[in-house]
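The same subunit A turns up in both complexes below, where it pairs with subunit B and then with subunit C.
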Partner chain A sequence: MPYLIRRLLQMAFVLWAVATIVFLMFRLMPGDPSAAFIDPTFTVEQQQAVRAQFGLDRPLPQQYLIYLGNLLHGEFGLSFRQRQPVLGMVLEVLPNTLLLTLTALLIAYAFGTLLGALMAWKRGGRFEAISVPLVLTTRAAPEFWVGMVMLAIFAFGLGWLPSGGANVAGAQYASEWDRILSLDYLRHLALPALTLAIYLQGLPALLMRSSMLEVMREEFVTMARMKGLPERTIMLRHAARNALLPLVTAFALGFGQSVGGNVVVENVFSWPGLGRLLAEAIANSDYPLAQCAFLLIALVLVLMNFLADLLYGLLDPRVAHGRG
Partner chain B sequence: MDVAEARAAPAVAALPIRRRRGAWAAFARHLLRDPYALIGISIYAIFVVVGLTAPWLAPYDPMEILFTADGGLAASLPPSADHWLGTTNLGRDIVSQLVMGTQPSLIVGLSAAVAVASIGTVVGLLAGYFGGAVDQVLMRVTDIVLGLPFLPFVIVVTALLGPELQNIVFAVAVLLWPNAARVIRSQVLTLSQRQFVEAARVTGAGEWRILFVHVAPSVLPFSALYGAFAVGWAILTQASIAFLGFGDSSAISWGTMLQDAYASQALDRGQYFWFLPAGFCIVLVVLAGFLVSRGYEDLLFPKLRDDT
Partner chain C sequence: MTATTLSRRALLASSALSLLPALTPRLAMAATPGDKIRKLTLLSAAQASDPQEFQAAQLIAQSWRQLGLDVDVRGLPRPQLSDVVWNNRTKWDMTMWRMVGRPERSDPDEFTFNLYNPATIETGYNFIAYNNPDFQKIAQAQRAETDREARRKLLYEAQDVINRDQPYLFLVYPKNVLAYDQSVWKPESVVEQSGIGIRCFWTFLRAEPAGAKRDMICNAAESMIAINPLYISGAIDSWVTELVWDRLMRVGPDGLPQPWAAEKVTQVDPTTIDVVLRAGQKWHDGKPVTVEDVVFSFEAPATSDKSPMYKPFVGNIASVKATDDRTVRFVLKTPSAAFTTSTLAKINLVPKHVWAPILKGLEGKPENAETVQEEQPVGSGPFKVARFKLNEEIVLEANPDYWEKPKMDRWILRIITNTGAALGMLPRGELNFLTDYRGDPKLLTDMAKQNPNISVVATTDMGFRFVAPNERRQPFDDARFRRALSLAINRQLMAAAAWNGFATPANSFVSPALPYWSKPGINDLKADMSEAKKLLEEAGYVVVRGKLHYPEGVKETLDAS
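And then the complex of A and B:
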């Protein structure tokens, strides 16, 4: 079977498995999912009608099949609290999460790649002795705490940047694009993106460092040296360019993981994104909303894992496409 | 018993033991030679001592609301001789909270390490040694787990099972064991081809005996490494869950301290003594794990070594 088709089938399997796990988890949640729609004044018949409407009067396997069918049709149900389709609520905040993730990743990878290349170049010196433990420290720091320190310094202490949200309350914009492209949005985006980037840059930095060190041992680098090319040219033109390959897949993987990992940062900065929506929905026992947000985060993750796998195979000819 | 077998037998008996000693001795040598690893171990040691003696070290009950000499609430006091890091906005002693907060972090970190290392080792051994269906199932389960978003999954699990520490450990272990199992599986695959396993087989050792007596000791250092990784992840996860408000609010931890500080506008009022120390403690404990495992990783995976 061709590699691509096998990989697609594998992805479909993972999506099905994740959807099933989500079904089981949310079905086991404490409380009656229809309780939010039942008024104490309802008659028994009315209550049963509500249950039937949600399919809750049927046996579990049948509920499961209905659930899978609904997912395939893009039906995610109604929010317990807002009484509107959850899919719309989730899609409304999705751009905020994607923008935050992308901005943070771009900053992190630009900075991390440079840092990693420098660490490899200046190997064994004082620069490396300081930067490696420093990078490890950023990876050990809880993101929400880094965010708190950022808020205390830049929002409350110096008053340079806003302390939360994505736009000034009550601001009106002609379109979604106007809102996102406004300076106000950028000012709100700065601190959460920077907080995430501080955490995210560690991986590309360490990856780039070891990848560079590996490339620097290869023959073509020795060859370039023998040709008498200046060290800077060797490092930039030859070593760094080839060492970048593993970072491409790491970027895709990082994107998938970050969309779900944003939960804490979005909460610290009240950033109206998927993670914040998920945390709020669970705190409010709004399970259809939480379920939809979770499924969307998982979908992005699975798609990005798939993409990373494809890129890995495409970029590195040493990887045979026959692996399982 | 013919001559060949008689000569093979003592060698077989000695080899795994020597290998096991070799692995642990290498680990000990690594600790002594690598200054980072020594720093990491020292940080661990200090926190373990603090965690064990916390009830005696803490000057006050961390939840007790304190009053000043004139009867007023000892709220938001700056650091002083009585309260080294000051008090919270409800008049609780911050040093006492910090000291007591060591316990949940260590409990979560260590139990997650044990859970990840033991499940990962057993499944990795079985999958690598017997292959076939076990191997296939392990691979598919790993794929599924990689499709579960980490923190959202832990949040849903705590909402489902309750905010107690063991549920956080359970969720973290569910997500992390497949990594360990996969690495141990590939180690077992190469080990099974080695001569000492072959020799054991020739002398008539049973499959289970070969697996647990001859192969298992050689993969234990890898189990230890993945256990060490799990410590940091589990501590960060527990702190995040507590910060998001899904943790056990009745138990003091660094995460609940930070959540309390955040919700009580400590950032707004610039009470750095309230929210900086708890964060530093988390950084130190997680960093200690990185420092110990980093050099050790190079030791176990020589291919990744970059000191040439």
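And then the complex of A and C:
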């Protein structure tokens, strides 16, 4: 299957490019990278030892080769700050981020799709006049601000939901699964997931709206009307189903993007995820950790992109043919 | 520029400094001014990362402009600021800087000996290149003086020298503001350690539950780095390590060291100290704490090279030996007054049966003990590690076998990255002890006014903020110029405006948080613009058309940058 092979090669190239950019980005930032893990009280010998330990005393091209070699062996190095293998640190928090993203996307797409379909169906009415600007506003509002408002209302005001973390203090579970499936975890997940969903719903809503508007002009809708089917049936059974296609891609891509874009929400709600880890890594010039997090995000993004392409081909055979 | 030329320059600068007083009166007589002083740049942390420091820098620049100086404030991100100041030591004029409080700094030796030490001009603490042999003589003498009264006299003298020379322009001792829920913790059982505050070993050991809640729930604004007794990894980590691993001595609430896991500490002669171990202590795995463990704890950092950060703290030990099954004798290379605080109250006691095999396994490898994270840490302190996720939560349990059992059941540290959220969590009981607060202190006191259960405690820090003038560059090599600049600064205003009142004016490297060592009255330096101008005039500086010029014959050697 030449198409599949070509796509896989493309993916490999993209990942290599990302790895290279990530490598250079961190070396070219202002400030001495070693400042983060060399205490000023170290003797010169100690400082040199630390530099040697992390390969920072070699010239840049050599550092690059060491780096690529390590990546190919699945070695992402030791965290400058925690001195532990970064891969383990990233994998520890990854489930939290994936769950947060998935929950938020499901809420956002379920709600956004419905809202979009309604906006298209009620084209020109008061509903559309109110909802379109509202959707745009929520999409444009800073996540940080939305998060703080959610905290102020649901946590500090009404006291319904906890205000940070992934569990109540000191909670103990028999296994990771027990923890993730507990009501406690779900309650902690609610506010960050809702905040993220408020931000994410704009895209599916607007996409669905324009897609619906297109479909509504198609002959089969007119046909359904002529047959005398009720409006609701036409909207849900016929028009909406056909308008869903572009949303599949958007969902897959949104998932990839969101995994990397959760930095703000995870910090507002102290959610122990990849975004928070990444933010801390950057603040502390913890290069190996930030590199690993970036690469993982890139990997998820590229994989989701690939998956979207495949899904698209399955759902609409014309697309696959078109590629030859 | 090579390191040697750099130090030669520093020496030249200092010798020029000692000549100046003899020369200047004659210069002041003559009316012809020297070159105009270039535009001076005051570096500071960026406004976003440290609004208080940045605002203080602005206030300082304003008052110096009144002296006829052109002053620019330049805010930089912290890593970049550190890079410039530490690694490019000839390239800057002045910087805002800070020294932070740590329990071992309860002894004034570290600041006294290190900050102005000529040996650290090139790569260490003395980044301003202050070089005064008289001061260094006193600094050397105080660390060898084991008579406390006599040592205090020396430290008063040292503070006087620094006050006269103004190598740093001290600004304020900030106050740390923390809070707790007094419906959960009895206020009389919460201990305020001098210079450290209520977030201290003594509170965690002795805080008594007021009601049914027996878990202390604390917060930290960033992830922990490690739980490792041989690695000085970070401030937050040290809260945990000092609860899990015990120490022979502890710095008490009064800031003075007291025997702890040691029953008795005796100074036999200036270089010999006998320590008698408290009987019946146990490691968290049930094995007894022995004198061999104690010897190992002090020998491991010194001999193995695998605990580089602790190595300096045991560097003065010539030998450490068990003399019977409860006594350990330390012999020092040179007499050291600070030994009890900076070594006996600093080094964690670690079990030999756990760490000897680990260190052996590391032999010949590039990694050291700092990369080791035990799955189940074993100490002999008042708390045991129940479980931990460094990025999320650390749970400690009271050690029932400890000779002073903690009053609480568990000590829980949550990583809460959002300061605003942490503030909101306190009255809701999601936290009951705010151990890390980096926001505006006023928000916290306002919140406490609405919640009578919340008690706020502000503690003057051992650390301080200051302007560091680069004495490698003129005009900062002139002590009278520095003193004039210092007199122009209104510290009262600064503490009130930039720090919202949560700071005390400073003029010494010994904080009033160390009442025994701080010289009374030293911090009463009042802002006096006319005195500052008079001082400059006496030193020969001349104001021409509103701009300050060097004394006659002095050329500006640096480009304005």
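Note that in this section the second predicted complex is superposed on the first by the 283 of 324 C-alpha atoms of A that agree within 3 Å, B and C clash if a C-alpha of one lies under 4 Å from a C-alpha of the other, contacts with A are read in each partner's own complex, and residues count from 1 in each chain.
Following the convention adopted for this analysis, a contact is a pair of C-beta atoms (placed from the backbone, for glycine too) under 8 Å apart; a residue touches a chain by one contact, two chains touch by 3 or more.
Because the structure is predicted, anything quoted here is derived from the model rather than measured.
Chemist: Going by the contact rule set out at the top, does A:Asn305 touch subunit B (first), subunit C (second), both, or neither?
Modeler: First partner only.
Chemist: Answer with first, second, both or neither: which of subunit B and subunit C does A:Val215 touch in the superposed model?
Modeler: After superposition on chain A, A:Val215 lies in contact with neither partner.
Chemist: Name the contact category of A:Ala140: first (subunit B only), second (subunit C only), both, or neither.
Modeler: In the superposition, A:Ala140 touches subunit B alone.
Chemist: Should A:Leu118 be classified as contacting the first partner (subunit B), the second (subunit C), both, or neither?
Modeler: neither
Chemist: Mind working out whether A:Leu289 is in touch with subunit B, subunit C, both or neither, as first, second, both or neither?
Modeler: neither
Chemist: For A:Phe156, decide between first (touching subunit B), second (touching subunit C), both and neither.
Modeler: both
Chemist: In the overlay, answer first, second, both or neither for which of subunit B and subunit C A:Arg81 touches.
Modeler: second
Chemist: Now for A:Val268: first (subunit B), second (subunit C), both, or neither, which partner does it touch?
Modeler: both
Chemist: May I ask you to decide whether A:Met148 touches subunit B, subunit C, both, or neither, giving the answer as first, second, both or neither?
Modeler: both
Chemist: For subunit A, which residues lie in the overlap of the subunit B contacts and the subunit C contacts?
Modeler: Residues common to the subunit A contacts of subunit C and of subunit B are 30, 148, 151, 155-156, 267-268, 279, listed in rising order.
Chemist: Could you please specify the touching residues of subunit A with respect to subunit C in the complex?
Modeler: 30-32, 35-36, 39-42, 44, 46, 49, 52-53, 78, 81-84, 89, 92-93, 148, 151, 155-156, 159, 162-170, 172, 266-270, 272, 276-277, 279-280, 285
Chemist: Give the list of subunit A residues in touch with subunit B in this complex.
Modeler: 10, 13-15, 17-18, 21, 25-26, 28-30, 133, 136-137, 139-146, 148-149, 151-152, 155-157, 209-210, 213-214, 217, 257, 259-261, 263-264, 267-268, 275, 278-279, 282-283, 290, 293-294, 297-298, 301-302, 305, 324
Chemist: Subunit A touches which residues of subunit C in the complex?
Modeler: The touching residues are 77, 79-80, 82-83, 86-87, 123-125, 215, 217, 222-223, 225-226, 231-232, 308-309, 312, 366-367, 370-371, 373, 387, 389-393, 395, 410, 412, 414-418, 420-422, 424-425, 428, 430-431.
Chemist: Tell me, which parts of subunit B touch subunit A in their complex?
Modeler: It comes out as residues 36, 139-140, 143-144, 146-152, 155-157, 159-160, 232, 236, 239-240, 243-246, 255, 258, 261-262, 267-268, 270, 272, 275-276, 278-279, 282-284, 286-287, 289-291, 294, 304, 306, 308.
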